[in-house]
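Chain naming follows the written order as A, B, C, D and E, and within any one chain the residues start at number 1.
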Amino acid sequence: MAGKVKYACDIEKSVLINNFEKRGWVSASADEDWNFYWSSVQTTRNIFSIENGYRLQDDQVINHFPNHYELTRKDLMVKNLKRYRKDLEKEGNPVSERDEEGRYKYLDFIPVTFLLPADYNLFVEEFRKNPNSTWIMKPTGKARGIGIFLINKLSQLKKWSRDSKTNSFAAPSGKDAYVISRYIDNPLLIGGKKFDLRLYVLVTSYRPLKCYMYRLGFCRFCTVKYTSSTSELDNMFIHLTNVSIQKHGDEYNNVHGGKWTIKNMRLFLEGTRGKEVTDKLFDDINWLTVHSLKAVSGVMANDRHCFECYGYDIIIDNNLKPWLIEVNASPSLTSTTAADRIMKYNLINDSLNIVMPNGELPDVRWNKVPPKEALGNYDLLYDEDLAQADILERDTKSRLGLSVGSRGRDTKSSFTGRPPPTTWK
Amino acid sequence: MTGKPLVCSIRNPHPITIGDPRAEFSSGCAVVDVTFPSTKSVDIGEITFKNNYTALLSIKLKVREENEKEEEEPAESDGETTLTWVTGLKNVQLMPDPHCEDRAQSYYRIKREQLLTPPDNVLSVRLVLQQPSPVWLSFGLDDIKFYSPKDETSELMLSELVNGDMPADDEAMNDIRKRVKENKDIPPVEEISTSLQQMWALSETARINQTEASLGRFDVDGSYDINLLSYT
Amino acid sequence: MDGATDMELSHLVDMVTRNLKATPLYTDMRQAAAAQAQKDSFHLGDLKQSLLSALEESGWERKLRNAVYREMLICAQRELSIAPPEDQKEPLTYMRKAQGAWEKRILKSLNSMCTELSVPLARKRPPQEQKELLSRWTELGTEEPDLSHFRPVYAPKDFLEVLVNLRNPNSNWTEQASHFNLWGLVQLPLRTKTRKQLQTDFSELSISEPQAGVDDSPEIPVDVFASERTKLGRRVLEAEHSPLAQQYAKKGCPTGLRGAIWAQILGVKVDSVDQLYYQQLKSYVIHHDLLIDSLIYKDVKLTAANDDYYFVFEDLLHQILLIFSRDTSVLKCFAHTSATPAKSYIRGKLGMEEFQVTYPPSGVIPFHGFTMYAASLCFVYDEPARLYFVFREMYTRYFFHLHHMSSHPQGIVSLCALFESLLQTHEPELFYHLKGVGAQPLKIAFKWLMRAFAGFLGSDQLLLLWDRVLGFNSLEILSVLAFAIFSFRRTNLLEVSSYAAAEAVLSDLTTLKLVPLLQLALFS
Amino acid sequence: MSGAQFSMSGEEYLARHHVITYLEDAVSQLLEHKEENPRVNPAKFLSDYFTSVHRGNHTLFREYEYIKATPHNRTAFIRIFWKCFRQVGKSGDLLNAKEYQSLLCLLCPDFPLELVQKTARIVLMDDAMDCLMSFTDFLFAFQLQFYYDEFLYTASEIYTNIMSATRGSRDAVVVPSVSRTKGKPPQLSDGPDSVESTQFFEAVKMLCETFQFSHPPVDILRGILMSAPRVSFYGFLMALAKHEGINSAVGILPPKAQILDDTDPDIQISSARTPRPVSAASKPAS
Amino acid sequence: MAEKRKPASADEKMPESNRDFLEKSAVRSLLRGAISKLIENRPEDPIAFLAEYFDSADNKPGSNKVAKAHQELLLTHHSRPAFESNMMLAYQILSAPKNAKSKAGLKGDLFTELLTKILREVPGEVSEVLLKKLLCYENEVIPYDIFHSGVMTCFIFLDFYAEADGLFTVLDTSRKKEVDKELCDVVLNQLNAAMTATKDDPKSILEGASKLRPDALAIALDNAFDSVVYDESMARDEFVMTAVIMFIAKVKPLR
């Protein structure tokens, strides 16, 4: 058979097609024997579903893991993460250490979250502890801020459940279930505006874990001034930064689309807050990414044919602590601005270079360690093979070092906070 | 420098041409002659002028020699014989680079100390201007002024001040004093005077104590309503 | 006359002391001295001596030295002179005339804008409006008034036009050809530095010297230089000595220290009084509504708000630019340039001396792109007052020169001349080619110069550039950079055959790395 | 404000107002006070101290040395004495020296008898020392004696010198010695006990010009001494004591007439003695 | 109490404990401060002064800043050198931040309050004319030299006012509480002439002064009085007010 790579594609996005064609690949339909499939999550699920006994060949690669939702569905992510912590605690791993208030020292990187209606009572209990806190409701299944709303009174929640009953979609069939999580009400503001981070993380394997962080992430800004006053609660634009929502705000500017490069953010933070804290922030972000992946690596069906490019949504509070909000399996490839388009084109390009070395026919038995120069704008984030078993050991030691350091404002020690350099930088 | 400049007549710069004066070629050299009308010679304290594209300046002074006897009658005999030319300045650079604007129109002040010979008993001055660069259409010096070393004006000013609007002769003053004293509905003048002077002194102290500093206001008593800008 | 006489010197001293007496430093120091004198250790005998040493130890002497240094910089231009005021502002008559005419043009267009839109130049806001404005002070960017009728008073190209037409009535054309380029647009016999001179002036930039902006880049794995640099920087800051900080900046500042270093160079330390003054200016903004405000608003919208580097700072920019327009202390810098602020009279008081006012209070009428001067500073300072005072200082020291006609070596005219002479002497082929295809280099470079590259370079690179401006206390580096960019892109430029094409080649400078460019241009 | 206080040196100024005396005393008081309650607030304490000094109620129960230390203290004490024991005068009781001393000791534990006796001499013209005295007489004599103590002593010296001079040898010229020779005051011996008023006056006048302690106004002295050709020492003292001018000169007691009135002293006095605030409207000293 | 005690001057004889007590409780510096202030200001009643001084030394909360500043300014006459440093102290008192979170620095509101307080000695209608020129908006920051010139002007004004008042009494030979208008006009005109004449240069200052010398005055009066005297008269208030206006005319308005 010819050396040409045949690709199939569910999503007709120029950034994809251009990349494929640049490599001289030829289009193929989903049911032909393609080598590379950029599919929707649906398709992937079907392909791997038991009923159709379809088996992928060694020369076939697809862009999702069969049960990616373990990470990308809010409820499941929370569940997995909680379990991950428990396990670490059981094996008495120092990483799982807790502080006085019983919060995790190093693994406390997602806002307190409950599943609704399942954990309703737990939530009420938590809510009662500090009644004037704000919470955010998200449908577990959906992305891009669909069906999201804020509450700061139990009554609002009750009302909602009543309504939803009448609309008869309260059936806690996981899919329509909601998560309610503590709203980060002290977000870092730049120019008085709230924003969140969109980072791209490429995973080529879960066992052993191999993942890459994309350098060209960006901040997504609210176009409306941030105010924590509850009267503004209904104004979604203040609180939600997903571009797809922002687009509806009449403030939306299509030159920059409210997107600000990570590079700019770094420059700003270093300039106004100092280098040490900024470095620490970025270390912490890498740290939480790695552990969010480790948390699911156990349950994830580690199919050798699969890779996945996740969109990480992170909010930074004004103490420069990053909070993981959610992970998207199929980050939007629609480009809002010219710059955006270039960025996304490169994203796909660099991703392909890693999973499909030199754009040749894939062979899934390949151990997936691309040469450094092939990484493009990706940085190796973590490679379990390289970071040997003892690393966790060392790693945790250093984490402790960090904990001391960060308390003692000793900045140098924050560098020891990262897993060893073999993994990133 | 206080005081008025000395009166003198200044001729326009006269270009020095070589050969046929009608020839285009300009030697880049010109002279300005200054003469002091007063038959008696003057002492010069300083010279000020505004440069006008002159690169180099020399100054020659026509002075009367010290040994000159005064009773000798003035005018004609005063002329050529007993009078000598001395050099005050030699090729002082007014423009660092003759081809460039730099200091081409700057003001200059030349103090007597800077002159090679003390400019005393001067009858006339000759300014020799040079501009080697052909870049400029014309060159010269503008508002040239000569000042005498000290201005003698001030003293007489004071004297006339102190008894400004007083009657010249004393007895006139005296019977004024008398009349005022006798006038019963005029209280003692001295008392009034001291009191007035006190008040005047106070107002002066107040004036001196006023600051130049500004609060940064731009309005005039609370109003900053403007319709249009003024062109002047 | 060269060699400042004692007279001039004493005059300078007087001026400095007078200015200093007006500052809180004076009172504070006196108080400190008194406090010291109360100490046991003091004996009347050596009072003076021990007092001096005490003040030195307690850091006052250093504070004073910095203050004096700062005053000197400002007073330096104003040495005692017999020249009439207008000559002290600008010696060249034709330059003065040109500037005057240009200002008149600006006035005209402002006035006509007023009449067309039938809005006053300035008016007091009704109380309700004041409240409303106050309430949304921190989100001025969000409310969208209709500014479609407002247009920038002028843009760089308008100003360039005027510069291009500057002529010295006394210059002899036929002759000048032999002495001066006739290629360039600036046709004035201004003295410009040669590359040799620049090399000595900017010797710290030479390749042999390690530079922030190259040697601290993350690509270099072990950032030894960076950490060394930072250590040194910390020590400089402790020393609290402006000239030291200035020397340090010549090689660029680490991002983390830049804010502090710049503040030290500029002598800006925002104490509570400054904070109050900032509030005072704010209240002025609240009280009066100016036509200028709309222009500022428009400019922010047109530039920063549309720029993917700076849009996040939109609200901040509105605040400080409005405040800037109300700050009469800016007027000081008109004392020593050809420019004069616009004048007007309170309504109904036309022609009455005591009712004459300057407009706007700061005397500065923004042009298209003015905002960018401030925008870049937002990456260094986020506290509004601090941001403001640094901006004001930067403006009055540097940017001010970039949009007035003068023969000042830092003035925009000289900078253009420098750029052209550099390009003509060292890239004659390129210059000739571009000129041939109707793409006069200055036509493209002018907006860079006029905006000190703000909004053209990448934000980090721009800050590295301004490090040097502050460090060498000179804007000439701008001309050098402009020249550097041209020669760096020469191969592409030599291929273009139209102005548009040339502009396209030079449209995106965000990818350029500043320091290597400068080094290339100066030392290769 | 008369610029006077600026013409003298700082030390002179302080001395003139006995500032150091008070500051020193204040500190020692403070230290003493501190013994009982260590948590004392010095500033507060000092402020209170000087307020009371200013009001003149600071001498109560203080040791004699202090009471005597400054003219202000003396007047303050005289005033207290008067305020406390007016009743005695009102009731019209007559007391002898010893009894008066015991009264004084109630206010100042170590008040010396000697001074009381000197006072008695004035009232009783130097005889029948244990006679009874009216409160008023005693009060004014006491005021004179206590306030002008140093002056009276020197005056008596002068007096004796003149006496001995006129009596004995012919050296009439008398140089009053201002120096205080220790020991008892010279005994005034028998014989025609009086001197020539003019001569005595001249001497006393000279004394006043140079004297560093407070002394009665010269013209009052003149008034008294010029009234008669000759004067006896105690006659002279008696006259001084009774002289209204002296009372007002000391300026602490109300005029004799109202000395026993019941009006609260503080009102009239304080209104009379409130320190004039340095008025901004006064002329510059230039 | 009765036992005699050595005055505290004898430091060395003091038990050590006392010494340290005086040190730590800062009594020494307190006293030193007191004495130097005394020497500086030479008040007529030093005792009252000291009481006042120590009282403000232990500053209890709620003490009114303006009052304190005013006190400080009243310590000595403005013609005395000490006044300068008192002025600075006053400025610092006023500049002290109101509370923990408010900013240090003097703003228009307090400044206005102070000036009004200083001027309360003169009748309202008089003071308000001056204040119109000196007052600031409440949110304007007052730099020291504005403060200085404002305060100076007020105090000098008080003197001027008193002087003018006194002058009237001089003129009012027949204690009729009113003076011949002619006379007043002459006097005032002379004064005005002198005041308006003076510029900065020494000549004109002399010129101004000369107008007020007895002879000059005499002449003026003489001229005035041999002209016909129609008997109008001027009351105290009017006279003083006219003088005051002249003074105020020379006060620069704030910018």
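The criterion applied here is as follows: contacts are C-beta pairs under 8 Å (C-beta built on N, C-alpha and C of every residue); 3 or more make two chains touch, one makes a residue touch a chain.
Every value quoted in this text rests on a predicted model; they were computed, and no experiment measured them.
Any chain that touches chain A and also touches chain D would be listed here, but there is none. Look at the CA centroids: the one farthest from the centroid of chain B belongs to A.
With centres computed as the average of Cα coordinates, no chain lies farther from chain E than A. Chain C has the C-alpha centroid lying closest to the overall centroid of all protein C-alpha atoms shown.
A straight line joining the Cα centres of chain A and chain E is 72 Å long.
The distance from the centre of chain C to the centre of chain E, each centre being the mean of the chain's C-alpha atoms, comes to 45 Å. The set of chain A residues touching two or more other chains is empty.
Taken residue by residue, chain B touches two or more other chains at 198, 211, 213-214, 216-217, whereas all remaining positions touch fewer. Annotation for chain C: residues 22, 277, 280 touch two or more other chains. The touching residues of chain C, counted against chain A in their complex, run 138-139, 142, 230, 254-256, 258-259, 305-309, 311-316, 378-382, 459-460, 463. Those residues of chain B lying in contact with chain E across their complex are 154, 157-158, 161-162, 164-167, 173, 176-177, 179-180, 183-193, 195-200, 202-207, 209-211, 213-217, 221. Contacts from chain B toward chain C in the complex involve residues 1, 48, 50, 53, 96-97, 99-110, 114, 133-138, 211, 213-214, 216-220, 223-232.
Taken together, the chain C residues at the contact with chain B in this complex read 1, 22, 81-83, 87, 91-93, 104, 107, 110-111, 114-115, 120-124, 168-172, 175-176, 179-180, 188-191, 277, 280-281, 284, 288, 326-329, 342-347, 349-350, 354-355, 357-359, 361, 407. Within the complex formed with chain C, the residues of chain E that make contact are 28-29, 32-33, 36, 85, 88, 91-92, 97, 103-105, 107, 137, 139-141, 143-145.
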